[in-house]
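Presented below are the structures under discussion, each in the form of structure tokens.
Here chain A shows up in two complexes: once beside chain B, once beside chain C.
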Partner chain A sequence: MFDLYRPGTSFLHRAPAGGKVLALAVLGTLTFLTDDIRIIAAGLAVALLLYPTCGLTLKNAWAQIRPTLWILIAIFIAQVIFNTWQLGVFVVARFGLLLLLAGLLTLTTRASDMIDGIERGLPFLRLLGVNPAKVSLALSLALRFIPVLAQITKDVREAQRVRGLENSVIALAIPLFVRTLRMSDDIADAIEARGYRP
Partner chain B sequence: MTLTTRDIVMIALFAALTAALGLFPPITLPIAGGVPITAQSMGCMLAGALAGAKRGGLALALFALLVAIGLPLMAGGRGGFGLFLTPSGGFIIGFAAAAFVIGWLFARHSGEVPLVTSIIYIAIGGIGVVYLFGIPWWAYTAEQSIAIVAGKCTVFLPGDSIKVVLAALIARGVRRAYPGL
Partner chain C sequence: MIELTDVSVSYNDKVVLSEVSLRLTERRIGVIGSNGSGKSTFARLLNGLLLPDHGTVTVDGLDTKSQAKDVRQKVGFVFQNPDNQIVFPLVEEDIAFGMKNLGFDKATIAAKTEEALKRYDLWDHRSHAAQFLSGGQKQLLAISGVLVMEPSYIVFDEPTTLLDLRNKLTVTRAIRELEQTAIVVTHDLDLIADFDRVIVFANNRVMADDVPEVAIGKYREAMGDV
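This part shows the complex of A and B:
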């Protein structure tokens, strides 16, 4: 799997995926209910401590923040200009905390465990008139399709390079879509031919 | 709501396509702010224009679910539930709504949608609806006023306009080459 999971045996690694998602949702909501920077700072300290506790490095923690760094900087500057620098620090610290907490979930939970957890939680969908088996099929198919699409993209790109069209987005996209749509029709037929009736 | 096997496969396909568009080498245009323009938001435009309201909307909802469970599918390899709590969150939700709206607008025509009309439709969904969700959530999470955030988003508009036109051209080409959609 190409997920962000980092193998380990810590208590967070062993905790059930559903419980971790729930905990993150609760903690995430709580950070929006407080306006006390001290609570956020304490949260940040705990989250940072949890990284080494769970066999992760501080580099892993930084990797959670880095992709959003420019947004954080932009938000901070805007807060300093339009409000106060204190509010800027608070908002940025809250983001940092949320990213670190979510990173803990992502790094200690296999995507496959997460999907299993979701599938176990799906039966409630029946009450809404949604068939959980269909959701589950769509999830697994999408995961399978991503590497396939990367391969088809590579093939089409090579074919178009031969024609000198490698810089044309449209010459790349149209055959890519036609190929994948044809493939998806075949897959649907194959699934039905095997008697799948969700 | 009934979904055939073909519907489910197409939902999965367009969710995966949106994910793959994030892996695509970004169409790097040197624009203000140094924000790279990625092909990802074209996912919702194409899902709506090609798969229709129901399948397109569900495909992007599935994409949001995949991001939420921690797959690094957002452009730049970002993923995880935390993204929904950052300014990006509104945009991810907005993608699904946009795909639905675009699909609904396209379904109002029986034959081929004229190019200019389809550009307008895709712009309504891919720019209008996406920012309708994206801006308020960004403003709320960053504790900034809606006006300031909206001003910042104008940086993305040139790139978005290019993507809208590209999506319209691609959608037209695909519909012509594959009429069975």
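This part shows the complex of A and C:
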């Protein structure tokens, strides 16, 4: 779901971002209201069909699942051990469906449109003392900076490998933490310098 | 004109800038100095990212303390690392960010985005993820994101430090071609060699303030490069 927007003219590309976010929330909730594997399987088939319909490839669909493959396998094994293999298939299929649907949202929606949609759709958050503009900017920053953080992690890991510290979690975590904090200061300054007033 | 009057700044009781008074009127001003000399603090004072503990900073008569929003529109800021300045995933979204904050309408945002991206040969990348641009392209995107906000002044904080020679030359050319007043904090002495004025910081004060040839000469002398 952290894949980035692919330009296109399909009906999902043209659909309002707020509607797509809402649809994802509703469909995501519905998957937890059923215990029928046939419904989840039908959902998976429709989601997979939507990828080529929207000008995307099945490779794009696989890219949504791939990063979580080990987690899915672990969930399946845990279900097989503590419950049944059928439940394992069901849980993994449901998780996969959620990932595919979330991927469809990010691949067919610009972050800025998603932010506008979320800001319009979450005014009730103000009643809870939460500013929707800040929530939507946080989401956008997550989409923007996950690849940057991945690159920093890679850089730090390489630097520690040179020092023979490739197996030390602390040697990776501390510099990563420090660099991320420094970066966050700069980002805050940059956002402020560009006139952001939530 | 940007004017600093008797400006001092401290962090945790450590003085980082002391009693600086300057009037910045030239179109190209370079700011140099050793690490920790106070030049980055100076840069951040100019658009109100940092406020002085003592003294005043004004931009065309606007005080950075009391009129911060207006000052930010007048003074753009380009950071050393463009990766920390690009806040939206896609190129064209990032350009639009500052304009949206200033309340520009959609048509203006679209027109100015196109103009800025075409100016720096980024138009074909408009729908691409910013993370896949080269270092120079990212810095040009950061400059574009500032330019579209129509500032009168642009402050650059070591804009070429992280770039290879080709990208450095591209960004240097972009700075030279700007119509706005550019105040460039840098260690790159070639970049500012033909500027109108160079200010040298040392020990948290202004050590020299002159034409490039003289000021850079004094800086080299102070650094033992003679």
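Convention: the second predicted complex is superposed on the first by the 117 of 198 C-alpha atoms of A that agree within 3 Å, B and C clash if a C-alpha of one lies under 4 Å from a C-alpha of the other, contacts with A are read in each partner's own complex, and residues count from 1 in each chain.
Following the convention adopted for this analysis, contacts are C-beta pairs under 8 Å (C-beta built on N, C-alpha and C of every residue); 3 or more make two chains touch, one makes a residue touch a chain.
As the structure is a computational prediction, the values presented were derived from the model and not from experiment.
Engineer: Just chain B (first), just chain C (second), both, or neither: which does A:Gln160 touch?
Structural biologist: Touch partners of A:Gln160: none, neither chain B nor chain C.
Engineer: Per the contact definition in the header, classify A:Ala111: touching chain B only (first), chain C only (second), both, or neither.
Structural biologist: After superposing on A, A:Ala111 lies in contact with both chain B and chain C.
Engineer: Contact-wise, after the overlay, does A:Glu192 reach chain B, chain C, both or neither (first, second, both, neither)?
Structural biologist: In the superposition, A:Glu192 touches chain B and chain C alike.
Engineer: Count the residues of chain A touched by chain B and by chain C, then name the partner with the higher count.
Structural biologist: B
Engineer: Once the shared chain is lined up, is A:Leu4 touching chain B (first), chain C (second), both, or neither of them?
Structural biologist: Both partners.
Engineer: Just chain B (first), just chain C (second), both, or neither: which does A:Gly103 touch?
Structural biologist: In the superposition, A:Gly103 contacts chain B only.
Engineer: Can you list the residues of chain A that touch chain B in one structure and chain C in the other?
Structural biologist: 4-5, 111, 141, 143, 148, 187, 191-192, 196
Engineer: For chain A, which residues are in contact with chain C within the complex?
Structural biologist: 4-5, 7, 110-112, 140-141, 143-144, 147-148, 183, 186-187, 189-197
Engineer: Going by the contact rule at the top, pick out the chain B residues touching chain A in the complex.
Structural biologist: So the residues of chain B touching chain A come out as 1, 3-6, 8-13, 15-17, 19-20, 23-24, 27, 33-35, 46, 50, 58, 62-63, 65-66, 69-73, 76-83, 85-88, 141-145, 148, 152, 166, 169-170, 173-174, 177-178, 180-181.
Engineer: Quick one: which bits of chain C touch chain A in the complex? Just the residue numbers, please.
Structural biologist: 44, 47, 49, 69, 72-73, 76-77, 79, 81, 83-90, 93, 96-98, 101-102, 127, 129-131, 145-146, 149
Engineer: What residues of chain A sit close enough to touch chain B in their complex?
Structural biologist: Going through chain A, the ones touching chain B are 2-5, 21, 24-25, 28, 64, 67-68, 70-71, 74-75, 78-79, 82-83, 87, 91, 95, 98-99, 101-103, 105-106, 109, 111, 114-115, 118, 129-131, 134, 137-139, 141-143, 145-146, 148-150, 153, 169-170, 173-174, 177-178, 180-182, 184-185, 187-188, 191-192, 196, 198.
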